[in-house]
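Next up: some structures, all given as structure tokens.
Paired with chain B in one complex and with chain C in the other, chain A is shared by the two complexes that follow.
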Partner chain A sequence: MNHPTHTTLRSRRNWYIHSCYTSGDYKACLAAIEEELVACSGLCEYPIYCKGLIMRHQGKVNESLQYFQAATSLSPHNVLNLKQVARSLYLLGKHRAAVDVYEETTKLGFEDWEIWHNKGLCFTYLKDYEEAIDCFERANDVQRHDASYLQLGKIYCLQEDFKAALKTYQEAVDFSPQNSEILTTLGLVYLRLGENQKAFDHLGNSLAHDPLNPKTILAAGSIIQDNQDMDVALMKYRIAAVKTPNSAQLWNNIGMCFFGKNPPKYVAAVACLKRALYLDPFEWLISYNLGLVHLNKQQYASAFHFFSASINLNPNFAATYMYLAITLARLDDFDNSCAAYQKSIEINENESTTRLNYAITLFNNDEMERSREQFEIFERIFAESGEGEDEPDQEVLAQSAELREALKNEE
Partner chain B sequence: MLGTAAKSSIPRKDGPWLHAWHDPVASIKAKSECVRLVDLNGDSSNILLVADERDKKMRVYKGTSVVSEHQLLDQPVSMCVFYTSDSSSSTPAIGIAGGPYVFIYRHLRPYFKFTLPFVDLDPQDESIWAEMDSGNVDAEAGWQMLQQARDSGAVMSSWSLDLLSMEDEMARAQYVAGKRGVEHKQHTVVTCMETLRKDTDAEDAVSSLVIGTENNQVLILDPSGAKVICHASLPSTPSILAVTGLYDIEWRIVVACRDGKLYTIKSGEMKGQAVVQGTVIELETQPNALARIEKSIYVTTMDAQLSCYHIKGRKLFSVALPAPAACMGVAKISRSRVVEALIASLTNGEVRLYNGKHLIHVMQFDDVVVAMRWGQMGREQNSCAFIGRSGSLTLKMMSRQANLEKSGADSGPPAEQDMPLRVPKKTKLYVEQSEREVDNAIHMHRVFQRDLCKLRLTTARSYVKIITSGEAGVSTGGGGGGVTNVRLNAQVMGLGPFFKIKLDVTNGGGKPLSDMPICVSYNPEIYRCEKPSWTVPMLLPNVTCTYEVSVKCIHEEGAADAIRVILVNPNSSVPLVSGLVNMPISELLED
Partner chain C sequence: MPSQIDPTWLALSRLRRRRFTSCISVCTSILSTSPYDKAVWSLKSQALSLEAYTDETEMEEEGVGEILLDDNAVATLPRPGTSLSAPRVNTSSMGIRPLSSSGRPSTGFSRPGSSSIRPMSGMTVDAAFKGPKPGTARPMTTLGREVRLGTASMENSGGKFIEVDKLDLRKYAGRPDLAVVLVDYLLQVEVNPRKALELCSEATQKANYKSWFWKRKLGQCYYKLGLYRDAEKQLRSSLKDTPMIMTYFDLTKVYLKLDIPNTALSLLLSAGEQFPMEPRILLGIARIYDMLGDIENSSAAYKKVLQIDASSVEAISCLASNSFYTDNPEISLRYYRRLLQMGLSSTELWSNLGLSCFHSSQFDMALSCFSKALQLSNETNEGDVWYNIGLTGVSIGDLALAYQAFKVAVSIDKNCAEAYANLGVLDLRKNDWESAQAMFEQAKSLAPFLFEPLYNLALLQWKRGNLEGAYENVKESLIIYPDHEESLALKKELMGSLMGLR
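And now, the complex of A and B:
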């Protein structure tokens, strides 16, 4: 009975259990744990703890909680056990209880990155963003980790504090310059702030580290598309199409690439946009784009349907009404066209193209007075906005010059 | 030769590896720590030593055959080869850790046993047992004192844990009596073991054992393996050791602990002094393999990340792996200059070669490699032994032309970029139709608008018809007194000529209804009904009332007709709801 093997029995095979656990060999690990539990009649802390971890890996969170509580009762001051109890509570969605357990560990005079980080996660779910920010910052004070930076940035984005989010992500990039996820997120924040060039730099950097991330490709592709480089964007989208073939946004962008090509490939554009619409029928932007393509293709009847569908889904986008008005004008429905123009102006009265198009429609329908009135407003808005802009659209200039000429001749 | 030069840009299946030998049924179960390549006989021809953890045997492989097997006393934790003296003719000693001991073998024979020092007991725990031993405190009071000590955070000894777990008072007294007079000592066990060279960096230089123990200690023994010459305490139990340096000059031990952190122990100012560094690397998940190359620490974690840290604790990079790693090794090739590359085995069967963060080569095994050892095998210097999860043993050699400095992965655009987009096809019909639309857009739009108006009109008309005739449970608005949603369900039972119509009436609205007449309208030439109308006194919301109506078919040939059931609104002439019950053809009554 007093043989030394007996007194050390409890921890005798802990090393083996740990090594099986970390190498992912759960079957061998559970077998060793069972042997130990039988040998020590269930009174060995580490095997119980390890069994809890495995149970949690297998999705049995409630059972894992029982094991961690059993381990805690054997050794009430072991912070590791408390940490795992809190983690299981967190996974069960009992965020408040998890925070309480984490506070318990802090009371025992223990502090590490994991506790603060996980506490921050709990507060995020409890929508207590101020506390969460505090926790993540403390976590980073203990030791900096990519995960904490990403979470912190996410909270700032949720609060729409993009400046702070930007600062967080920049710090994160300084700390971990090769993490493609951070680079992508930073690029997306820049994109949101409208700084396309900076966004593109970071997204490109991210693609250099992980050239297959569909999220990054989509964001970078849309910037390339904005710069009218459709072929390059299409090349990038090819990769994303392999990774996420069922992404509505991706097919929408591909469709618009075909549309933006010179000369435009209308049939391919419509085919891609229709696939996008099939994948996400309630996305107003896809309907809007389909309307645009059909309008350019002179399929006015179809264009009308897509624009009205888009308006049903999102009634607050001024440009849709303007294009609907143009479509209606082409369909010889002058009254409804005017009504659509009015609605568009009601939403955004400082859009110069709406005024110009309205003036053209009125002119074509022999409403000279009203046309002149709209044209004057157009010229005023255009002059005001023209100062800040780098380069006015050539088509707008040509159209306005023509109308000015025509109105003069009418006088 | 030109042909091979052109081909060399395409990595061959085995890349820099040359296959030497494969035994699928070697039935070895061991971790990397228990697999060593060693020059056992001093003849520069290395053999493979494996300490098997399943059958507790040490096997000696010379070439491809097992030359001897030796029974071990315990499940091996780690097996280390070390040289106790530096005379050139000396043969190495083998240290095999198991339980609280390190068994030291010389010439493959048991030679000496090192026992780990006893654990310093918690003073509270120790004093309580001393009191119980002297009889000042009886078992019961001792039990309570131990409980208090545990709750106040004292570390419990095995004895205390045993005693605390006993529910029965008698058993407790017996246990304490049994321990009386026995010296209270607590053993600990070895959790990991490596070697540290003394003063020269050579394969056969004098070295000593470095042992990690369950009670959070790291011990360095003297080269003979008889006593502890240096020790350090950590906050958690060590699980993997990575040792570099020389004991007499400067050394550094990176320790992966069970709390998922990497600690560093360094030689102190004075010889024999160990300093635990303040910088601790906190990993996000548990580490499962550790390797040191130059000034970097490579660690793989359970979340399938390979991370690299500078020894000062700064993170250099991390690479996402397709599967969690199973084990790691370092390929060290000394030619004109020393090149070190990382060998990482993954749980999807891949064995990857990394130079820094650059992936040089991927080799696919049929089995998951759970242990590996790089070194000299036989007379071949750059060899590696791989042990699979199923117990297989594979020997590979590194080709002499292998270039471990160049990245084998191509840096061009990924292969996916060359796959054309699968743009959905459009039919010729579609194109023709869209051309037709371009020509006739205005006409089509008008026709559509007109038809849409017509459709709306027809719908509206039908709706009006329904609510005015009371055919469906539709409110008639003001005229109906704002009543909505009464449901009527009818079911015919019986074969005839006697039928029963079962009526379920439910008020789906929010207000109760009262005094509702129901009548049954039928063709009097075919049917007869005893009580064709009655009044429903009260219809509460969402309560179903059931009524039965007896109907007799009086037609001579048992003809069938529809019977209409009408629920009348007491305040209006318009029926609230009505239902048509299609009666079956009746059986004839045989007289």
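And now, the complex of A and C:
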């Protein structure tokens, strides 16, 4: 300090600016900053820095970048300034430039969690996932944070490496067991891996902390729905519907709840599914579900329409073709029905129900030889898959037994 | 002219048969020989005013000047549901039902006034001059309708019939039979409410302030001069003397101008008790409910209208669109079919029929309805039909058809903001982010009352990493639709990023 009086003068009002800023009184803070800037003719670091922060809070990222750059030129070796410059660059979508600035801070020999974390975010946007994973792991080495875990897990999910994602989230839950967002995400990963019970445990845990989160409710509701407990699922969805009345997924699930009820409520199901389709016309699954409902109601023309719409949107789902084939068979269009079965088998040749339905359709149209052929394949696949499964579908068993009898009688 | 018939009688008969032009010519020829024949003079002025008659029970389109410089509203910051500029926003329907340019849920019937933007809704001069349908129509100027009608009728009569400035109004006020005719002439043909007001005040004095007719006319004159509080006083007093249906309509108009729709509503409801079989009162009630965004009550009122007048086009079409947007396309199909049976055939009707057919699973009918709609269309509504075809394309999953149809819609109607927004969404699906952003920007500039393009734009910018733009847009989206859950979530996320919490 060569000029003690001078420095004291510059930082004289910093305490006041800081206290205004931290108490959220931006108006007073900006006024004080203006005064200081005039008094020091713009050569004071902290007020400029503070002004940049306020500008960013108000959504003026570009302006904030200018202020931070000004602060940096006043004091080029202050890591705080550099960090904020990089942050503003990141918020403006200039990720490469932000990474460069972060690297500069590391060159200055400074290391903290935030730098690594933000650098990871930049790499995520730049789709350089390996680098990003490395950054987040380093961030966690310095100091563990929920945000880093969540980002890391997200990248693993993007790479479809669910095992690694699962491990990350489990670590995160160990680290902060109260965070409902992590619990929900962990539940969703379990759901994706098909471990419904574990998923449900975590989702339930998450609901205990945040009972109104629509995303969690939707996921938990779908598991309850899978267990055929439609009324409970509907209760859950009712809570979510208040918060997200425009969620297509929610309406879809509600519709399928009505459809799954015993006896099914077709009108309510169709109404809900149509609402869902209105909200998200590009979701092939809703069209597919609508097709199923109409098929069950024996409205084959409508069912055909929805299945074909679903295929238009997602041509790679084998079950849609199978149901389309059934619909076409009911509409007495045998040739096209066969073509649809073939297409379904082409996509997934190890689906037993497709073979069974194909065999039934062929049988009904007096194609005994081909029917027998498909039925044999069905029995083979069914026997193979039946070993691992806990209990085969009763309806499939009944239908296959009936067809076996019928085929025998034909001989 | 047949010579054996008395010409005065002939004129009278023609007036009764509403053949105004020939009646006027007979009167003119009689007056050229005997200019002081009071009976003929009265006949001619009746014929002239009937010819120029405008139905003033309807709501009227507001001129640009009135929209921008309106200072009649009672409250400057009205509570929701008490003013037409702050309709009660039924947020649950916001994502479900399209909005008109005034920010209200669109109704099934386009009527004067309903599509204009209310004053004080934060509107710019540009928006006022664009009018309800940008690019298709000149904005209304103050007294727009009346001024044009006035000049047209003057040409017909071939020069001035009555020299208004030279009239001794006091003399006429003493003769009620002539004064009644004259006041109509002054209001309808001359469009001179100031002179009419003089006559009315003389006449009401002569009638010892007892005549409901003169009070009503006084109220009308005050209304035209923009003195709404005076108009209200006269009309109220007229109603106290003799309740008349027409007076109720006049008073309703005054209240709507003052932007106190709830008072207008209670007035019409009490009128409805006095005249329970009058469909126009019920229609008025339904319209006000519509303007306030209260769809349930307006539907109930429209249904009552239909019980009295089974062929009210306005009621049927509004009920049809209501049931369409409440997931009952089968019922709306029946209403639209009824309109068709009544002999209506327009692009809009066929296009609505097509949509109703499509959504009630009558696929074979839907496409033929749309092609019929296209046959009947002109350049002002062809774009809308293509837009609907595009929506159908989206519903059947034929996105190529949808894209083409939206493109056609945009090429015909450059102001079809919804088509731009949907093109943006389709572009997003193709991962063409640049084009999608341009489309959303276009939709945003054309229709600042839609929240969907704003939200989509914000989401897109957020995904691309431009948080500043995203923040701006999501803020705007929330101004239009404060309860939009997705926008709120996005804003929270953005705030988190900007504050540096994650």
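Just so we're on the same page, the second predicted complex is superposed on the first by the 404 of 411 C-alpha atoms of A that agree within 3 Å, B and C clash if a C-alpha of one lies under 4 Å from a C-alpha of the other, contacts with A are read in each partner's own complex, and residues count from 1 in each chain.
Everything below uses one rule, namely that contacts are C-beta pairs under 8 Å (C-beta built on N, C-alpha and C of every residue); 3 or more make two chains touch, one makes a residue touch a chain.
Worth saying up front: this structure is predicted, and the values here are computed from it rather than measured.
For the composite obtained by overlaying on chain A, chain B and chain C can both be accommodated side by side without a clash. Look at A:M235: by the touch rule set out above, it reaches chain B but stays clear of chain C. In the overlay built on the shared chain, the residue A:K243 is in contact with chain B and with chain C. Here chain B and chain C are compared by how many residues of chain A each touches, and B touches more. Applying the stated contact rule after C-alpha superposition, one finds that A:H18 touches chain B and leaves chain C untouched.
Judged by the touch definition given at the top, the superposed model places A:S302 against both chain B and chain C.
When the two structures are aligned on the shared chain, A:L92 is found in touch with chain C, with no touch to chain B. In the superposition on chain A, contact is made by A:S287 with chain C only, not with chain B. In the overlay built on the shared chain, the residue A:K274 is in contact with chain B and with chain C. With the two structures overlaid on their shared chain A, chain B and chain C come no closer than 5 Å at the level of C-alpha atoms.
Common to the chain B and chain C contact sets on chain A are residues 147, 243, 245, 271, 274-275, 299, 301-302. Interface residues of chain C facing chain A in the complex, by the touch rule stated above, are 92, 95-96, 327, 359, 361, 363, 394-399, 425, 429, 464-468, 471-472, 475, 484-486, 497-500, 502. Residues of chain A that touch chain B in their complex: 1-2, 4-5, 7-16, 18-19, 21-25, 41, 43, 74-77, 80, 112-114, 142-143, 145, 147, 175-176, 178-179, 211-212, 234-239, 241-243, 245, 254, 258, 267-268, 270-272, 274-275, 297-302, 304, 330-333. Every residue of chain A that touches chain C in the complex is listed here, in rising order: 56-57, 59-62, 87, 90-93, 95, 125, 147, 214, 243-247, 271, 274-275, 277-279, 281-282, 284, 287, 299, 301-302, 305, 308-313. Remark: chain B residues 31, 53, 75, 77, 99-100, 150-151, 153, 156, 158-159, 161-162, 165, 178, 182, 185-192, 214, 237, 239, 258-260, 280-282, 284, 286-288, 302, 315, 317-318, 324, 326-327, 347, 357, 370, 389, 413-414, 416-426, 430-431, 434, 437-438, 441-442, 444-445, 448 touch chain A in the complex.
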